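See structure below.
Chain IDs A, B and C follow the sequence of writing; residue 1 opens each chain.
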Amino acid sequence: MQFTANQICLLLNGSLEGAADAVILNLAKIEDAKTGDLSFLANPKYAAFLYTTQASIIIVNNDLVLEKPISATLIRVNDAYSAFSIFLEKYNTLKLNKTGIEQPCFIHPSAIIGDNVYIGAFAYIGANAILGKNCKIYPQTYIGDNATVNDNTTLFSGVKVYHDCVIGKNVIIHASTVIGSDGFGFAPLPDGTYKKISQIGNVIIEDDVEIGANTCIDRATMGSTIIKTGVKLDNLIQIAHNVEVGKNTVIASQTGVSGSTKLGQNCIIGGQVGAVGHITVANGSQIQAKSGINRSIIEEGKKWGGGFVTPLHNYLKSTAIINRLPELDKKIFELEKQLNQLKSQSNC
Amino acid sequence: MQFTANQICLLLNGSLEGAADAVILNLAKIEDAKTGDLSFLANPKYAAFLYTTQASIIIVNNDLVLEKPISATLIRVNDAYSAFSIFLEKYNTLKLNKTGIEQPCFIHPSAIIGDNVYIGAFAYIGANAILGKNCKIYPQTYIGDNATVNDNTTLFSGVKVYHDCVIGKNVIIHASTVIGSDGFGFAPLPDGTYKKISQIGNVIIEDDVEIGANTCIDRATMGSTIIKTGVKLDNLIQIAHNVEVGKNTVIASQTGVSGSTKLGQNCIIGGQVGAVGHITVANGSQIQAKSGINRSIIEEGKKWGGGFVTPLHNYLKSTAIINRLPELDKKIFELEKQLNQLKSQSNC
Amino acid sequence: MQFTANQICLLLNGSLEGAADAVILNLAKIEDAKTGDLSFLANPKYAAFLYTTQASIIIVNNDLVLEKPISATLIRVNDAYSAFSIFLEKYNTLKLNKTGIEQPCFIHPSAIIGDNVYIGAFAYIGANAILGKNCKIYPQTYIGDNATVNDNTTLFSGVKVYHDCVIGKNVIIHASTVIGSDGFGFAPLPDGTYKKISQIGNVIIEDDVEIGANTCIDRATMGSTIIKTGVKLDNLIQIAHNVEVGKNTVIASQTGVSGSTKLGQNCIIGGQVGAVGHITVANGSQIQAKSGINRSIIEEGKKWGGGFVTPLHNYLKSTAIINRLPELDKKIFELEKQLNQLKSQSNC
């Protein structure tokens, strides 16, 4: 995908300095940029790179004063950083703007397909599935029977959506993530074996959610596992059956949430955290990476950490002392010795 | 899928009260049920919902006495809970009862395919692979050369079974799980690089096993990695090469077991546990979530926890004290001070 | 795949003892071997198995003296262990030596495909993608637009390589691993929602890298996430955006590395480790499984452990004392009591 300085300038409503027909193919930081790259200068600390960068076009602030001539084409705007961000988003949207249906793919005759979709080769869309308009279903994606994917949603290659699950609008799900696999429910029998408990619920993912790659969200035993509007989940996360993740909550990679637990709104949960089942976590809770949430958190908006969550402040203090335990151990030994000496002295 | 009250009543050998032609499409809890749902009442605590629920059909105990008329059709049985469970299982089996071969799929001419199978579109069945009768191979699943999948087994969409691996009867494997990837074996060379050790063994999964989504089970270096009869593995689990998981052992999500370790029978292993390689864990061991099994466990049937496993009871006691370390630290400091005062007094 | 004793003997430059037309299909340890297996005897401890094994052919050292006649064909060589290793590698290479293009697959007309490749059914190769010679692209693999896969690289079934990513030579990537999914970058907005930050960089995987199954490597926000030459990554690993993993570094399963962190060369990182973002880890660092790398490590070639990394030696000492905390707690209580007694005595 290529753009001329003129096109970018019009898009950003800037003023042009240099060759209007300069062409860029990629975007890069000013210190890394090569010929054919668009870059920007916002932070004056990086000004020296203006004179050494090989970028073909640079977005700069209106008030920038050049100390010597440069070869790149400049586009002057009010705020170089936000102008670059606007272009970056535009660039990425255009780049990923696929439409059309590639063959072979499998679309069940009973499926309903919205306008202006992209369906990649080897994608599978099951019986009575519904696909909203402007959806992008990348190659090798699976949408099971009776599943619904709403407007403007992108499922990258290899995403698997089991039957009956519902995905909202403007959702992005990355490659090989699994939505709606069976919850992990088994009843122990007297002979030591386990009997499977049928998992007949589904998963509901609301609007504006983004989910990383190779994440798993299990279907509910009955009812729904629910990921609320605006939630952001990273890669390799485990969400068990009947869990509810509250609005705008963000969870980092490799965290696991056990069955029926309800996470509040606007929580920030670090990576590799584990939460036990059947608890609730208050709105606005922030959980340190690697913590174990072993009980409900009632107070809103607090920071927590540790294998058995405690207030983060306490946790950090206790952990610091753990490394001093050999020293404390010696001190106790020493105290015992001295005390015994004193006692024998006072006895005699 | 729809059922009439009459059909359900015959299936459960119950007696009908109300409209015999009432129809249900889904199953739901009595407090959530809508028109077109089947529900049940077993626990008297929920009896009030009888009069407010919108469920079309409700399974109740024979001895239930109504306090006022209700609109739903009732099916009276001896034990409402177990009758509902029986129907739930029946419903789910019918729902997932796919058969036939969808096109396009890839079946190598030398593969042997049993009767009454389902093979979804874009599934791949390699040379000399064997597929037993009544198997369900969902779309985009891969069964490598010489792999065997025995009767009544279901592989959901995107499961990858490498060459030579063997899957038992009545096994369920969820989406995108990988069976038989190479074990992680490399020999360090003097120049700091690593030489790959060929992994020519396989994975054997015995009967009645269920495995979650995005789990990985590596093939043995030589011989087999073995998952014994009745084992249940959750999502995102790592089973390394030459591991053996004993009969009816259950492992929760995101746990990892390192190479050549042998887990006993009927163990219960929590989530995010890690086990080092080349150890054995005794039958019936129960391991707290997030623990590190750093050594063999010899005694059968005990509970363990902690980063370096210790008996759970000790671990919980020690952990409780960790949060009091700042206080203990202060006490030691205080004791030292007082002791020094005493000593100086006794010296004078 | 079958070999005769004669073929193996020629390949290993050995001398034959017994039936030259003995045939093997598989390789096995001498204690497990069955008819049709090739085995070896290197360690004299296993010599007794020579007389009980059912192996059809056994590779032995030149100086082996038989105590009684055996039925297997022997191949005598200088070093039985290394001869077996050579054959094992040969065997595995032949076994996985697929070529040709299976149908249906999707190869965009603008893609460039090298000589002698294997492309499995349902593989997808996007616009302007480049595939080097001798590559093996297993079924259901996805190579996005403008992605490059260099010579002699194997991508097993279901690997997903996003657009613009670059994979080096002699790389092996196992099933369902995702290369180039979006980094986890969101800007918080005043109303509690998050705005996605476009991730327009890529992933570069250099030569001789091996990556396990269901691992995730996110694309850079801008620039590249880089996995350097000779790196070995296990299954279910998370590598976040803009991370750099140094040459010949080895990482075990389920470890996660947060954004922009740089791991040095020749590090050995255990399983289930977490590293925070924006730090550097010195060359040759060795990190205990389950550790948390919460800060940069400057000193090269040291061993570290613990939730907040400390030198391994300290960590192990402190951890040992954690289990004795209930005892220490009691001692402190006892000391306080005795001290108070002493004080009251000395006061009177």
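In the analysis below, a residue touches a chain if its C-beta (ideal position, glycine included) is under 8 Å from a C-beta of that chain, and two chains touch if they have at least 3 such contacts.
Fair warning: this is a prediction, and the values are worked out from it, not measured in the lab.
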item	value
Interface residue identity across copies subunit B, subunit C - same or different by half	different
Cα-superposition angle relating the copies subunit C and subunit A, to nearest 5°	120
Whole-Å separation of chain centres (CA-atom averages), subunit B against subunit C	25
Where subunit C touches two or more other chains, by residue	104, 122, 140, 158, 176, 214, 236, 254, 272, 322, 324, 328, 332, 335, 339, 342, 346
Complex contacts: residues of subunit B adjacent to subunit C	104, 106, 122, 124, 140, 142, 144, 158, 160, 162-163, 176, 178, 181-182, 184, 186, 192-194, 196, 198-200, 214-216, 218, 222-223, 236, 238, 240, 254, 256, 258, 272, 274, 276, 292, 306-308, 310, 314-315, 317-318, 321-322, 324, 328, 331-332, 335, 338-339, 342, 345-346
Subunit C partner contacts - residues on subunit A that touch it in the complex	27-29, 32, 88-89, 91-92, 95-96, 102, 104, 120-122, 138-140, 156-158, 172, 174-176, 208, 210, 212-214, 230, 232, 234-236, 247-248, 250, 252-254, 265-266, 271-272, 289-290, 319, 322-326, 328-329, 332, 335-336, 339, 342-343, 346
